[in-house]
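Both of the next two complexes hold chain A, though its partner changes from chain B to chain C.
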Partner chain A sequence: MQKIIQDIESRYSVSEKEIRRNNLCFLTIPKNQAISLVTYLRDYQGYSAFTLLTAVDWIEEGHFQLTYLLNNPTNYTEIGVRTMIERDHATMESAHHLWESMQTYQRELKEMFGIDFPGSPRVDEDFILEGWTDIPPYRRDFDTKKYAEETYFPRPGRETNDPAEYMKSKLFPND
Partner chain B sequence: MDIRKIFQQYSDRTSYPEIGEDGKPIIDLSSHKYLKMWQGPQHPGVTGNMSLELTVCGDEIVESKTHVGYLHRGFEKLMERRKFIQCFPTCIRMCVAEPDPNEYLLARCVEELSGIEVPEMAQWLRTLVLEMARLQVLLRGVPGQGGTFALGLGYQWGNYIRDLILDRFEELTGGRVYHMYILPGGVRGLLPDGFKKRMEENLKLADEFVKSIDDLMYSNSVFKQRAKGLAVIPKEYIDKYGVYGPSARAAGVMRDVRKTNPYLKYAELDFEPYTTTESDVYARSRVRWYDLQTTIDLIRQIMAKMPEKGEIKAPTPNVLHWKIPKGETYVKCESSRGEYGMYMVTDGSDMPRRVNLKGPSYTHANMLLEKLLINANIADTAGIMVSLATCPPEIER
Partner chain C sequence: MSLKDILTPFTAWKRVARTPVTVRDPFNDRPGADRYRGFHKNDVDTCIGCGTCESICENEAIDLVPFKDPVSGDSGLRPRIDYGRCCWCALCVDVCTTNSLTLSNEYTWVATDPEEYRYTPGVDKKSWDENEKGWKKPEGNYEFYDLNRVAMHHLHPEERSDSFIEMVTGYSKEQAMTEADRCVECGICIATCPAHMGIPEYIKAVRNDNMEEGMRVLYETNPLPEICGRICTHKCETVCSIGHKGDPLSIRWLKRYIADQIPSDKYKEILNTNNLEVNDKKVAIIGSGPSGLSAAHYLRLMGYQVTIFEQYAEAGGMMRYGIPEYRLPYDQLDKDINYILSLGVEIKYNTRIGDKITLADLGKKYDAVFAGTGLHLGRGTGIPGSDNEHVYYSTDLLRKITAGEKIEVADSVVVIGGGNVAMDITRSLARLQMKKYGRINIIATSLENEENMPADREEVVEAREEGAIIHPGWAPQSIEIENGVPIGLHVVKCNSLFDETGRFNPQCSMDIKEYWPGKMVVQSIGQGMDMTYLSDEFKENITFGPRGRVQTNEYFQTGVGWFFMGGDIIEGPDVIHGIANGHKAAVGIDRYIQDKLNSKQ
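Coming up: the complex of A and B.
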C-alpha cells in the first residue's frame, strides 16, 4: 500500500492521506486531478473494479466531498479517492466512460445531492424520487423531521409517552 | 396483406429497433411495432418493490428501464440524525431478506472507527449468524429460480426448511426476520442449550433438500431448456458493470470476500467457493446450489470449532453518549448476493456524518439487468432478474 501511495504522491498533488487498514486507504486530491487519478489507477495500477461513488455534505465548510472507491481484484486492496467540490452550483467531471455502472451513481448524486455531472447519460432522469420539487433531500440543510411534519397528517394512536413515566404509571400506579 | 410477407419482413427481429446516431434505439410507438409494458411493482416475477419499463416488439424486449423508489424511506439520511446505536433498527431494513450483513457492517464500521477489538467467541457467533442468514436466503432463493419458470414446488419446500432455520434464529436472537443480534463490541448472547443439536437436525433436512432439488430442478428438461444459454454475462462485463458474488463466479471470475479478504473466522474454515464459466441463468443458479451446500458445511464446521463459552462483548462506552472520532472507513462482507459494503464517515459527534450502503443489487438491477434484458423474451424477464438476486431496498436505501 505504501508503495502505491508514494507513486501517486509523485504524480498527483495529494493533500491528505489516511491509511485505514493494510488494504484500505483514502487520498484527497484536487478536483481537476480526480478523474485523471481514477483513470490512472484503473489503467496502470490494476484497480479495475469500481466499488462506489458517494458524496458527503460538509455544509459548515461549504463543500461536498466526493469519494470514488476502487478495488484491485488481484491484490484485494482498495483506494478511496476523495475530492472536494464547491457546494454552490456543484458540478463534477463525469466518469461514465470508465465504467458503465458509474452513470447510475452519478444519476443518484444529481438527484439526492444536486451535484451535476454534465454529459453523463440519463443524469437528469428521476432515479428514486418522482416529481420531487424540494431541495435535494440528502443535503444537510434538508430537514427530514420538518418535511414529515409538514407533509403527512397526524394519525390517531400515535401519541408518544415518556418511556420512564409511562412504565411507572403502568407498573406502579399507586406510587 | 399476406401474413407470410409480414413475417418475412420482420423475421430478423434482432435488427429491431434501429439504432440512432446517438447510440439509442429509435422506438416510434405510433408505428404499432412496439408496445410499452410494465413488469412490477406488484408482480410475482419481480423480486420486491421495483418495476421494469419494457418496450417489446412482439414478445421480444427491445428496451428496458429499471424503476426503483417504491420503498425509499431515506435510511441513509435518517441515520444521520440518530445515535449510532439507534441506527441499527433502520440499517437492518436495507435488505429485508438478509438483514444480518447490514448489522454486521454497521457494527464493524463503529468498531473500526472507535478502535474496539471484538472477542473471539463473538467473532465465531457472528460468523455463525451470517452463515445462517445465507442459508435461509438460499433455501428460498435456489428453488425460487425454478419458480420463475413455473416450477413452484421447490420454492414451497425450501420455505418449509427456511422456517425451521428461522426457529433457530428466534431462539438465538428473539427475532425471526430482523435480529439485531450483532451490536458494536460483540453479540447479544451465547447459544441456548441444545441449539447445536436442533440445528444439526435442521441441517440434515437441508442436506436431503439439496439432493432433491438437484433432481427436481437441474435434471428437469424444461428448466434446462429455458435457463441454459439465457442472459449470458460475458467475462468483460464483470468490472465494467460491477458484477459480484455468485453471478461473477458463474462467469469464471472468483469474487467472494470470504476468500479474498477473509473477515471474522472465515480464514480458519475450510471451503472453496464454486466457479464455472457458462455464465447463463442455469450456471448462476447452479453456483447458488453449490453455495447452499457450502453454507451447510460451514455451519457444521463453525459449530464444531467454536468454543463453548467465552466473552461475547467488548466493553463499549454508554451507547447514548458515544462520540466517535472523526474518520472514515469502508468495510465489506459476502452476502448471498455478493460483496456487500458500508462506507461510513464520522465527524466526532454522537451521530454518523454519512452512511452509504453498497449492495450488489445496485449495479445488478440497473445497468446490468437493463442490458441483459435486450432481445430476451418477456416470459424470461423474471428468470433473468431472479438469477441476479436483486434486492430493491438496497438500491434505494
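Coming up: the complex of A and C.
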C-alpha cells in the first residue's frame, strides 16, 4: 500500500491521505486530476474493479466531496480517490467511458445531489424520483420534514403528550 | 446475440443433482439474527414515560399516550409506535433512559387492518413480547449522554475541619456546560420539585451559556436561587431519568452556577423589576424565612405593599440561624434576601408578633397576613439528666453561633439525633473544638440504624470525614451528671423503631449497653413550633390537624380569611417547600384581596 501511495504521490498532487487499513486508503487530489488518477489506477495499477462513486455535501465549506472507490482484485486492496468540487453549479468530468456502470452512479448523483456530468449517457433522465420538482433531496439544505408535511397527509388519530405538561395537568393543575 | 448467450441458461441444469444451498423450507422457522432490529418491546413497569424515545425519533413515529396516573418520577405515559413511519433504526432503544425499550428479532407480522400497525409495546400484548433475542442497547459501548456527573470539588477535610468557610467550591463554566449537556429535557423532575421549577429550561440556559435567561427561569418559581443552589434537599435529583442508568443530573449545583454568575447589581435589570407598580393594599408577613421571603417577593411583584416582621436582628430565619455558614455563607444568603428587600419590601427587625404587636393588630392594619414562623423550638428527649443546664438544644446553639455569641464548647461532646440539624450542630461543634483544642471529640447518635438515618447521606459522610464519630442505632437512656454538670450519655441498642402497625414504638435490647463520655450533651431530635401568637380568639376559627398543624386550603389560607400560613409549620420541613408555599400563598392572598374588592363593587 505504501509503495503505491508513494508512486501516486510522485505523479499527482495528493493533498490529503488517509490510510484506514493495510488494504484501504483514501487520497484527495484536485478536481482536474481525479479522472486521470482513476484511469491510471485502472490501467497501470490493477484497480480494474469500480466499486462505487458517491458524494458528501459539505454545505458549510461550499463544496461536494466525490469519492471513486476502486478495487484491485488481484491483491485485494482498495483505493478511494476523493476530490472536492464547487457546490454552486456542481459539475464533474464524466468517467462513463472507463466503466459502463459509472453512468448509473453519475445519473444518481445528478438526481440526488444535482451534480452534473456532461456527456454521461441518460444523465438528465429521471432515475428513481419520477417527477421530482424540489431541490435534489440529498442536498443538506433540503428540508425532509417540511417536504413530507407539504407533500403527504398525516395519519389520522395520531396524538401525543408532553411528559412535563401531562404531569402538571394531572398532579398540580393550579400551580 | 452470440451462441454463448443462448447456451448459458442451460448450464444451470448441471446443478440439478446437487444439494441446494438455500434454506429448504422458507415458510417455517426462519428467525431473525440474534441482534436483529424487529418489532418493539417495552417493559412498562421499568419505563417512566420520559419521552426521550419520542424526541430522538427522526421519523416522528412515536407518540406518548396515557397508560396510568402519573406519580413522582413517572409521567404515566408510554410510547406508542406507528409502523407506518418507523424505520427500525433503534435510536429510541439506544437513547432510552431506563433500558425498558428494546426490539425483538421478530420481523414478520400480517394484519389486514392498517391501524393495527400502531400499537403501544408492552401494553398491547404481542406474540414477540417474551422473545429474548433482538436489539438491546449494548452496555458500555457508547452512550448518548454521559452517565457520570461532573464531580463537584469539596475542600479536603483537613482544610475545612477548623473553619466555617464554604466547603463546596462550585462549577466552572466548562464543568457546568458539560454537566448541563447530560440533560435530556424530559421534565420528569418538575412535578417532584415542590416549587415545580422549570428545571430543564434553566439547564438549557446553562448549556446555551445564557445566564440571564437562566436567571429569569429561576425567579419564575424561586426567589432564593443562591440559597437553594446550595442547600436544597434536591428531591428533583431523586427522580432524574438519567439517574436510572447513571448519576442523576447535578440540578442543584447547576442552579447555584447560574445565580453565582450574576452580580447583585444586575438583578433588577435582568429580571425587569426596576419600576414595580405599587397599589394601596398592604400585606404583613410574620417571619423572614424562606416562605415569608417567597410570599413577600411574589406579592411585591403583584404591586402589594409588603412588610415583614422578624423577631431576630437579621433576616433569613432558619436559613441564617439554623444552617451553618460552611454550607450556606452569609454573603450568598444576603444576596438573595437583599434583592427581595430592594424591591421595596419593608422589614421590621427585632419585632416579635405577640409581644407589643398582636396578630389581631396586624389583621386590622393590613389587608392580609401571612405567617411563616417555622420550627424554632428544640424538642427534648425527656430522659433523666436532660433538664441539666449544660444539656442544650441544637437550635439554640446554632442560633448563637450565627449571632456570634460565644459558645463554651467542651472538649468532649455527645449529640443526640441523626437528622440534618444533628449533623449541622455536630459539624459546627467539631469545628469549634478543632479551633479551641486542636482536636475533635464528638459523638452523634441516632435511634435509626445506618441505612435509615434521616440525615442526607452526604452529611453523614462529610461529618465522618471531618472527624466526628456517628453511632447510629442507639437509644439514649440517661445523662450522667456529676457535680452538676453532664459527664456522659448512657445508651442501649435500638433494634427497630416502628411496630407492625407502623406506629413509633422503639424496640431495644436493654442488655446491650454503651456509655459515651461527654461534658456537653446536645439534643437534636426535631423541632417544634411556637404558636403563642395565635390567641384563643383565632384558635376558635382555625382547624388543627395531626401533630398540632394548622389546616389550610390549597392556597394556605386558614379559617380566618385574611390569615395565611405556610412553610415548616404547614409542610416540609425544608427550604423548597417553604418557597413553594410562600409563592402559592401569595397567589391566594392576591385572589382573596381581589375577590374582596370585586364583592364591594
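Convention: the second predicted complex is superposed on the first by the 159 of 175 C-alpha atoms of A that agree within 3 Å, B and C clash if a C-alpha of one lies under 4 Å from a C-alpha of the other, contacts with A are read in each partner's own complex, and residues count from 1 in each chain.
Everything below uses one rule, namely that a contact is a pair of C-beta atoms (placed from the backbone, for glycine too) under 8 Å apart; a residue touches a chain by one contact, two chains touch by 3 or more.
The structure presented is a predicted model; accordingly, all values stated were derived computationally and were not measured.
Visitor: Quick one: classify A:R20 as touching chain B (first), chain C (second), both or neither.
Guide: Once the two structures are laid over each other on A, A:R20 reaches chain B alone.
Visitor: Would you mind checking which one, chain B or chain C, touches more residues on chain A?
Guide: B
Visitor: In the overlay, answer first, second, both or neither for which of chain B and chain C A:E78 touches.
Guide: It touches chain B, and chain C stays clear.
Visitor: Touch test for A:R158: chain B only (first), chain C only (second), both, or neither?
Guide: second
Visitor: Contact-wise, after the overlay, does A:N32 reach chain B, chain C, both or neither (first, second, both, neither)?
Guide: It touches nothing on chain B or chain C.
Visitor: Look at A:K170 in the shared chain and tell me whether it touches chain B only, chain C only, both, or neither; answer first, second, both or neither.
Guide: Only chain C is touched by A:K170; chain B is not.
Visitor: Show which residues of chain A both chain B and chain C reach, each in its own complex.
Guide: 145
Visitor: What does chain B use to touch chain A in their complex?
Guide: Residues 68-69, 72, 74, 76-78, 80-81, 112, 238-242, 253, 255, 260-261, 327-330, 339, 341, 343, 345, 353-354, 356, 358, 362-363, 366-368, 371, 396.
Visitor: Write out the stretch or stretches of chain A touching chain C in their complex.
Guide: By the definition above, chain A touches chain C via 145, 155, 157-168, 170-172, 174-175.
Visitor: Mind listing the chain C positions that touch chain A in their complex?
Guide: Within the complex, chain C touches chain A at residues 49-51, 54, 60, 62-66, 69-70, 75-77, 82, 84-85, 115, 118, 186-188, 190-191, 196, 200, 554, 580, 584.
Visitor: For the complex, which residues does chain A have touching chain B?
Guide: By the definition above, chain A touches chain B via 18, 20-21, 23-24, 26, 48-52, 54-57, 65, 67, 69, 73, 76, 78, 80, 99-101, 103-104, 126-130, 137-138, 140, 142, 144-145.
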